[in-house]
Structure formats: structure tokens, C-alpha cells
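Take a look at these structures.
Shared chain: chain A. Partners: chain B in the first complex, chain C in the second.
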Partner chain A sequence: MSEAMSHKRPILLNTLIYVFIILWVILAAVPFLWTVWGSFKVEADFFSRESWWNAIFGTSTVRQTGEAFTGSGYYGAWITRDFWRAAFNTVIVTICVTAISLTLGTLGGYALARSGRNYSFWILIAALVFRAMPHITLVSGYLLPFFQLNIWGVLPTSIIVLVAINQPFTLWMLHSFFLSIPKDLDESAMVDGCTRFQAFRMVIMPVMWPGLVTTGLFSFLLGYNDFAVTAMLLSADNQTMVPKISSFLGSIQESGNVMFAVAAVVSATLPLFILVLVFQRQIVSGLTAGAVKG
Partner chain B sequence: MPHKTFFAFILPSLIAMVLFIALPIVSVVVQSLYVSHEQVMVEVENCQPFGGCSKELRVDTEATAALREEQPLGRFNGLATYVNRAHLATDELGAILASDRDLGTKMAQILNLPFYKALIFTLVYCFVVTPLAMALGFAIALAVNALPKVTKGPIIFFSLLPMIITPLIGSLILYWMLSPNGILGATIQHIFNDPTLSLRASPALTWGALLTYGVWTNAPFSFVVFYAGLQTVPGDTLESAMIDGASRWERIRYVIIPHLAPLATFVALVQLMDNFRVFEPIVGFSAEANATSLSWLIYNDLSGDSQQFGSAGATSVLTILGVVILLSPVLIRTWREFKHKAV
Partner chain C sequence: MAQIRLKNVSKRWNKLVGVDNFNLDIADQEFLVLLGPSGCGKTTTMRMIAGLEEITEGEIWIGDRLVNKLEPKDRDISMVFQSYGLYPNMTVYENIRFPLKVRKIPQDQHHDRVMKAAAMVELEPFLERRPAALSGGQRQRVALARAIVREPNAFLMDEPLSNLDAKLRVSTRAQIKNLHHALKTTTIYVTHDQIEAMTLADRVVVMNKGVVQQVGTPMEIYDRPANTFVASFIGSPAMNLVSGQIANGIFTSEGIRIEGLSHATTGPVTLGFRAEDASLADSKGQIEAPIYSVELLGEATMLSVRVAGELVSIKVGKEYRAEIGDLARIAIPAAACHLFDQSNGARIEA
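Here is the complex of A and B:
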């Protein structure tokens, strides 16, 4: 459709479209490219008082280190300030959150999609309300009980909390995904003598992976991007990357090591870049599936 | 599906949600009714060899610690936390409204109260960012739809980045560029020819930066959803509109927008919910002097040495009420549809 129409489009409109898109891509991409580039410079360049050309050519970087690029920010963040530990914690948290969310969500979403009773409708509505709760309001409810039970500060607590916070969304996504798998499939298996669980395991599980990958991506993003829960529920030793960066900021600005934080920020962005690069199609289809069906 | 099987399947998920979403809400309500204990004071007689004796009040640290240990919630305070200066500030509000100053001063005074300051920014952020981001997303979707196929993949890749980025990290990246020594901050100072202009010094610039960040990070979601919607616009309808002599704009106005309207409702709902909890950008931009949000207030109460659970609880309850009000049109509509179906 668009190809056929583009022949008739006036040149002025075409130019306008191209200019607009180029502007948008610059707006979306340049902040990242700028920060990645700047993270290999010294502070006097990236935060240059004289001219931002310094950040491009690395004038002070050459003067201070002898080369146009330096990895000192990365060394400072990862080695001196133990960012590797935070990265390791993030790996544990995101893997566990994604795996547990999907396990619980698949079972629940499947049940909701096949039940069709009133209470399953109400569970979905309750999940919608829960989905809207600001995470920090829930966190203020956790702190006191967690102090009392003495489970504050450790990774498993945060993982379980993130799984729970993630459940409403996971249930909705997988519910609408299972609705798209024909009922006849598992029902015919049950006619052949399978129990509900056997039907789920042998008939549904082999065909559910596309939906699972899409939902898993968003569970991963929730665990990875979270700040409210991990900042309040983890002790300083167990911090994941995002709260670690925020606790960097206060101490670093005084000691003049802002570049540590810049390097840490770039390091934490890289996995997201790769994720979008590899799973672009699934992310887009996940966003639209929720919209088109919900 | 029999009840038993249904609950066997959904139980783990349900337990997680009840334990970690429903119960905390109850816990927050309970907390909001209590305040931490005051320090236990004891009267000590202080006698000096020649000075005689004097009585003074001292803090009994041991007794205070023991009391706090015994009743961690604190003492019952009723609704007093809700109406104090840090929250609804009913007394202060009454005094301000009763005073005979002009409306502008009154507004300024009200917006100086912490809760109202946070509330107004949260609402402005919600209701400015959401429509602007949707409009920008729609414009990008229309433009990308008109491009040749090969360019679409890379453009979608770059467009997804502002949305997928960790909110705290995204706002830090923009904050560094906007700092007085950063590329954008220096340029802004140059344009306005004012070397003192900075995020810290200018509330207007802070608000502008936060709202810009909001549009930047929210637009891609609208773009992706509207772009997918555009692929489903019926070609026949468009063609017949063209034969009837509809201009490009009229085709967008009378064919495409009505077709996308249900999607727009969905996008608006999701983005309003997400924007109402705006929080990380305020930390990332270090904006708390010029702009705070409800979520930030709670975070501020909870972090630091003296954690004020009562105060955080009261703000949380008020925030949850806000969410319910925001969601009420959807809930009422769902309820009506449900009743309709039942009858």
C-alpha cells in the first residue's frame, strides 16, 4: 500500500517525512552514542568547560594519558569500585526472576485462558489493578515485616518480590497468548485419556515457546530495570547494577570520579542494546499483542 | 475446567500476588496509622558537691530501644499523620485559603507544601507527557509507514532504545548532557546568554527536562503500537476514500484515526498508569529541589537513617487512592459490561 502511494506523494511532503524521521532517530540514538563515546574520555573532556569539541577529539585525554581513548573509567568502576559484584548479582536476579515468573505465569495464564468462569475474570481485573500499583508503595509495605522476619537485604527476598510484582503482567500476556492456541488441541488429548496436567505438558508445552520468549523478555526487562525494589530491599553488599550506580553517584561526585559512573552506566546499557538487536521482532510483537488483544 | 484443577494451576501465582501485593497494601494502611515512639524521658537528679541538686530530663536510651523493639510499629496515631504538614496539611491549607492574599500567592504557598508540590508535578507529568508522547509516537508511525521497507528495521531498532533503557540510566544520560559542562547544558547557556542557567538553579528548566525525558522514553511505545495498527487499516476503505476525493489529511482524520481509536485508549491507559509512578527521573536528574513526585516522597521517607514508616505509609495510601481514581473509568466500564453479560 505504502509503495503504491509513495509515487504520488508530493516532493515537499516526502522531504518533510525524511527530515522528521532523521530528527527522531538522532533524538533517540545520539544520547547513547554520545555517552558511549564520552565514557572513553577523561572527565575534563566529557564535562568540558571550554567546548564540547574536546569530548570528540579528547584534548585533555591526550594530555593526561597520552592517547585519545582511555579505559580508566571502566577500570575504576569494575575493579576499584567492585562493579563486577553488582553485575554478578544482576545476572542472578534477572535469571531467577525470569525463570520463576514464567513458570508461575504459564500455569496461571493457562488456567485463566481455559476456565471461562466468573472468578477467572475477577482475577484478571484484580491483576490489572495490581499492575497499576506504584512499586514503591508496595516496598513501603515490605520493609517493616522484612526487618521483623530478618529476611531484609538478601537476594532471594528481592527475587521473590520482583516475581510477585511481575505476575499481573505475565498472567495477562500469557493468558492472551494461550487464548490464541485452539482449545481443541488439549481437549482432544483429554478425550484420549490425558489428565489436564498431562495435556498441558504434552500438547501445550511444545507449542507455547514463542509466547514464552516474548513474555520472558519483558520479565527480564522488569528485573533488570528495577530500581525501587532493589534499592530499598538489598543491603550494600548485595546490590544489583542499577542501585549500585545510584549509590555511586553520591560518593563519586565528591571524589571527582564521575567517569566511574559514566562507565558503569554504559556497561549496564550494553546488554539492553544486544537484547534489542537480537529480539527486536519479539519485543515489537509482544508490545502489539498486548495492545491488539487486550 | 473444574474448580480444583483451576486452582491447582493458578495457586502458586495467586499466593505470590496475595503475599507480596495484597498484603503489603494492608500493611501500608496499618503502618500509616502509627508513628514511631517518642523517646522515653527520665528525670535525673544531678547533685554536685557544692552546687546543690538540680533535676533535669534525659533520654533513656535503653528504655527507648526496648520499647521500639517491643512495638516496632510505633504508637497508634489515628489519622493524624494524614492531616499533618507533610501530607494533606489541612491546618496550613485552611490558613492559606483564609488569608487575604491574592490568588497567585495562595497557589505558590500551597505548592510549597511537600505533598501538594509532589502531587502537582505527578499530575502535570501524567497529563502532559502521555498525550504528547502519543502524538509524537503517532507521527513517527505515520512517517515510518511511508518509508521504503529496507529502512524500517534500523529505524525501529533505534526507536526502541529510549523505551527499553533502564529509567534511572536513561535519565542519567540526559542529565549529564544537560549539566552546565555537558554538551546540551552548555548550548542552552549559550543560547540564552546566561552563564548561571542550570538545572539546579532553574525550576522551569528542571520541569522542562523531566517532561522532555518523559516524552522521549514514552513515545516509542505509542509508535510501535500505532505502527502495528497502521498495518491493519483496511485498504478498501482507504481506496474508496481516495476515489471519493479525500485528501491525505482527510484520510488520516476520517479513516486512520477512528481505526486506531481503541488502540489509543489502551496506550493512554498503560502510559497513565506508568507515568503516575514517575520516580527514577527525579533521582537521576537530582531534581528534588525543584520537582518531586508522590513516589519520590515515599522513597525519601524510607531512605536515610530515620525511616519514617508512618509517613511513607500515609503517602502510599494516598497514592494508591490516586491510582484507583485514575483507573475508575476502566473499572466502572468493565463492571457494567460484566453486569450486562450476566443479565
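Here is the complex of A and C:
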């Protein structure tokens, strides 16, 4: 069918379409590819004032290191400036945020989806309000109590705050996934001899995987990409990757090393690519269709 | 195996009444059909028996246990849902086995019992498939097998045939009838299809707007409807109802006059008679009216005439031919007539 259509399309239009697509792909991909390429150069090349061609040919890189590519940015970030520690912290934060959000979200979403009460609607509306709030409003309110309770700067505190920010979203998302699973399934499980919780665990959860993966990925991304919360609530030793990258750029007091930041950015992006590639089928089916066909 | 008793059972959602003061004793091994139009409370009644719906008022007894506060799993009943309610991630075999598994029935019995249940509904070739790979009829049979696999106190069936096509509905209906004969388990069956009710039931409960209209065997309900609602709900076509006056055993209305009825009542009444009880009259009939329409059914011909503002259907022989507008003379034997009170629709006994 699509073949038949393309035959009918005038050549000019076809050319335009392809030119547009190619341009779009270039626009979308080049900044990242440029960063990956540049991360293996020295600062004098990647941020060259003479000519941007230096970034491609690596003139200064050859002069300084003897080779066209250098891993010095990566070495500096990961080893000298302890980026591995930030990566490790990020792993802890994202895993905890995702696990806690999904646990509370599935239980709460299921309860809200199956409850016929009026207040479940208002709980969801309240959740939506909190979801709409800028993250930074939560953080500024938390700062003082956290100092006084002496729990500022450690990972668990940020994990709790991130879960609080993320929970309304997971609740909404999982709630609508649960709604798409017919009530008859729980009910036949309960008549067959399950308690409410057994029905949830043995019958409903096995058909919820696409919804769980999709929601889990969004929770993961929130924890992974967060700057507002982690920058404000974590001490320098406990920083996750994103605030760490920002600190590489330097501040008024100290000069940063931009190449460390570039290398760290590339390092931080790579796992995301792998993650999306691995889960792409579940994500698409989770985003487009309900978990169960009727 | 158990009898089920409902005592003054009511279900209300705030002011909305779902089921109003339902009283019934269901005998052990009985096949009871709850029949009524959608929204009449029949499914709610069944769900209260299953424990899926809370009981606002009254008592439900299964066997000698009061089950009001029991969870569905503790009531030892099994249920077949209209939408099958099969577990999509399990094979047919696992679906049928599920009740045995969650009820911790010894492992060594599982295989035999699953195979026996599957054999009863002829599912053996499909045991390794998943529900998505089955047709509607096969899915409903899986649901049936899952219900019978653990020999519960009672089966509850919630419109199990309404998602099936007409042909399959007839064969599955026969299968359900046969299963009940073989297992002799108390069965409560909800339907809005009066043919299913007539063919399957030992007793039928006709409901409307949450209120029981009549309880009786299919023949009682057909032959002696308790009120105009039952009369107009049961039978295909429904009973003809004509309003008019009765005096000295003679019912009269525009275009109709029937003699020899009960002398007990005088005044306005509704007269009912079934299409198949009427016939063509040789000379003077009880109804004389122009023909409104003639419909060929194959095994018979359905003739409609307008009497006292109502369309009245008469079943005549399949060879009958007439033009619309011709005068029809129709004989209605007085013995086949039912009288109903016009104010509340209740049957007036002769």
C-alpha cells in the first residue's frame, strides 16, 4: 500500500520529504555525535578559538598527546575527580527510586483502580496537583528541616524526595494500566480461591509487565536525570552524576575542566541508549496499547 | 453440594436500589435461572451470593453457613463470567488447574482432575494453548472446566453464553445442561434470554427493577404469568395484552369481544393471550380487524392486527396467505385467556 502511494507521489514532493527527513536526522543526531567525537580531544581542539575544524582533525590533540584521540578527559573525570563514585551513587539512587516508586505505585494504583469510592478520584486529582508543581518548590521547603534533622547531604534523603516527586506520576500511569485490565480477572481469581492480594500477585501482576516496564523506565529516568533535588540535597561526596557534571564546569571559586564534563556527559548518556534499546518493545507496547486485549 | 438460602436480601447504593428484599430457597442440585432485562438486579443478586458485592441487608446461607461476611474464596462456589475471566498468561491447562493450586489441593491429584474436567468439555486438544489462541466457544469451555474442576458447593454462571454466536450458543447451552445432569451441582444461572431460561431451568426467577416478579418452573411461568411484566417478558412473541372492560364474564374492547370468562371481576382489566393459542375463525371470530402485517417465519406465519390500539400477534399455519388490509377473523378460546388487574398488573385468578 505504501509502495502504491509513493508511486503516485510527485518526484518533487518525494525529494522534499527525504531532504526533510535527512535534515531532521542530522539536526537530532549531530549534537550528540559531535560531543562523543569531541570527548576524545583536548580542550584546545574541542573549544578551539581558531577554527572549529580543529575539533575534527584534532590538531592540538596531536601536538599535546602525540595521537589524534585521547582518553584524558575520561581519565580525569572517572579517576582523578572520582566520577565513578558519582556513577555508583546514581546507580543506588535510581534503583532505589524506581523500586520504591513501583512498589508503592502498583499497590496504590491497583487499589485506586479497583476502588469504587469517590475519594479515590480526589486522591488522583491531588496527585496531579503535586505532579504539576516545579520540583524546586519541594526542595526549598525541605532544606531547613533536613538541616535541623541532620539528614541533609545523604543519599536516602534525596531518594525519599525523588520518590515523593515521582509518586504521583507512577500512581497515575499504573492506575490507568490497571484500569485496562478487566475486573473479571481479579474476581474470577478471588472466586477460584485467592485472597485479594493473591489475585493481585498471581493473576494481575503477570499481565502488567508492559505497564511496569514503561512506568519503571520513566521513574528511572527521573532519578537518573534529576538535577534540582540532587544538586541541592547532596553533599559533594554523595553527588550523583548530573550535579557532578555540573561541578566539573567550575564555579566562581574554582575553575573547572570542561573536557571532564564532556567525557562525563558521554559516559552518562550511554547507559540510557542501552536501556531504551533493550526495553524498546515493552516501552512501545506499554505506551500504545493497554496491557491486555479484551 | 448445598442448598442456598436468601433471606430478605437487599442491595442499595445510597438511594439507588439494586435488589429489593429478595427471598428464595434454592434446593440442593437445583438449576435455578435468574431472568430479567438488563439492570433488573439479577447479576447483583448473583454477585452477592458469590461475595463480590456486599450485602446491604438480609442473610445469605450456603449449606448451613451464614456467608454474609465470608470472602469469595471461603464460600466454596465457582463462577463463570460473561467475559470468561481467563488468565491470559497461563495455558489452558494452567487455567483449569489454578483453583486447585491456590486452594492447596494435594499436587498428585491435580493432573487427573484437570484432565477429567477438560474431557467433560472436550478441551483435551487445546491444553497447551493460551486463551488468546482460542475461539470464543473454546474460551467459555475453559471457564466451565475451571469451574467444575474442584467440585464446589454451587456454580454461578453470569450470562455465560451472551458473547457467543447464535449457533454456538445452542450447542454450549446443551453442554451446560448435560454438565448439570452429570454433576448434579446446585447451579444459579443469570440470563436475559428467556429461551435459555426455559430450556435450562428447574425453576426460573423473573426479576424486574430489583424486585422478584415470579418464581416457578418454566411451564408455570409460561402458562400462568403472575403479572403483565412476566407475561410480556416470557415467550416469543410476548403475550398479547389488550386493555378493556369485563362484565358478566364478557370482555369487550375496540374490535374484540370474548365471552365465557370468569364472572369474578367487573370493570377495567387487561386481557392476555398467546399468539399460538389464537387461530383463524371459520365464521365469526372474537377479533375482527383488518390485517396490519403478515410475516413468514418458516414453520408458521405471524399475523398482526390492531386491537384497541395495540398490535396483536396471531400464529397461523404456514400456508396462510392474505394481503395487508384484508379482514381477519380470529378465534380466541376463553380458556387460553389471562386476566390482569389494570392498576398493578397482577394476575386475576379465575
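Going forward, the second predicted complex is superposed on the first by the 268 of 294 C-alpha atoms of A that agree within 3 Å, B and C clash if a C-alpha of one lies under 4 Å from a C-alpha of the other, contacts with A are read in each partner's own complex, and residues count from 1 in each chain.
The definition used in the following text is that contacts are C-beta pairs under 8 Å (C-beta built on N, C-alpha and C of every residue); 3 or more make two chains touch, one makes a residue touch a chain.
No experiment lies behind these values; they were computed from the predicted model shown.
Student: Will chain C clash with chain B on chain A after the two structures are superposed, or do they fit?
Tutor: They fit: once the shared chain is superposed, the two partners occupy separate space.
Student: Looking at A:221, would you say it contacts chain B, chain C, both, or neither? Reply first, second, both or neither.
Tutor: It touches chain B, and chain C stays clear.
Student: Contact-wise, after the overlay, does A:284 reach chain B, chain C, both or neither (first, second, both, neither)?
Tutor: A:284 sits against chain B, while chain C stays out of touch.
Student: After the superposition on chain A, what angle is formed at the C-alpha centre of chain A by the C-alpha centres of chain B and chain C, rounded to the nearest 10 degrees?
Tutor: Once the structures are overlaid on A, chain A sees chain B and chain C at 100 degrees.
Student: If you stack the two complexes on chain A, which partner ends up touching A:57: first (chain B), second (chain C), both, or neither?
Tutor: neither
Student: Counting residues of chain A touched by each partner, does chain B or chain C come out ahead?
Tutor: Partner touching more chain A residues in the overlay: B.
Student: For A:137, using the defined touch cut-off, is the partner it touches chain B, chain C, both, or neither? Pick first, second, both or neither.
Tutor: So A:137 only meets chain B here.
Student: With the two complexes superposed on chain A, say which partner A:9 touches: chain B (first), chain C (second), both, or neither.
Tutor: Only chain B is touched by A:9; chain C is not.
Student: Output check: A:171 vs chain B and chain C. Expected answer is one of first, second, both, neither. What do you get?
Tutor: The first partner, chain B, only.
Student: Examine A:75 and indicate which partner it touches, taking first as chain B and second as chain C; both and neither are also allowed.
Tutor: Neither partner.
Student: Now for A:88: first (chain B), second (chain C), both, or neither, which partner does it touch?
Tutor: A:88: touches no partner chain.
Student: After the superposition, what is the least C-alpha distance between chain B and chain C in whole angstrom?
Tutor: 9
Student: Per the definitions at the top, what is the overlap between the chain A residues touching chain B and those touching chain C?
Tutor: 292, 294
Student: Please name which positions on chain A make contact with chain B in the complex.
Tutor: Chain A residues touching chain B: 1-3, 5-6, 9, 13-14, 17, 20-21, 24-25, 27-29, 31-32, 34-35, 46-49, 52, 55, 103-105, 107-108, 110-112, 114-117, 120-121, 123, 125-145, 147-148, 160-161, 163-165, 167-168, 171, 196-197, 200, 221, 224-225, 227-228, 231-232, 242, 245-246, 249, 258, 261-262, 265, 268-269, 272-273, 275-277, 280, 283-284, 287-288, 290-292, 294.
Student: For chain C, which residues count as touching chain A in their complex?
Tutor: 50-52, 71-73, 77-79, 81-89, 98-99, 102-103, 132, 143, 146, 156
Student: Which of the residues in chain A come into contact with chain C in the complex?
Tutor: Interface residues on the chain A side: 182, 184-185, 187-195, 198, 202-203, 206-207, 292-294.
Student: Give the list of chain B residues in touch with chain A in this complex.
Tutor: 1, 5-6, 8-10, 12-14, 16-17, 19-28, 31, 72-73, 139-140, 143-149, 153, 155-162, 164-169, 172-174, 176-177, 179, 181-183, 186-187, 216, 220-221, 224-225, 228-229, 235, 238, 248, 263, 266-267, 273, 276-277, 279-280, 283, 294-295, 298-299, 301-303, 307, 309, 312-313, 316, 319-320, 323-324, 326-327, 330-331, 334, 338
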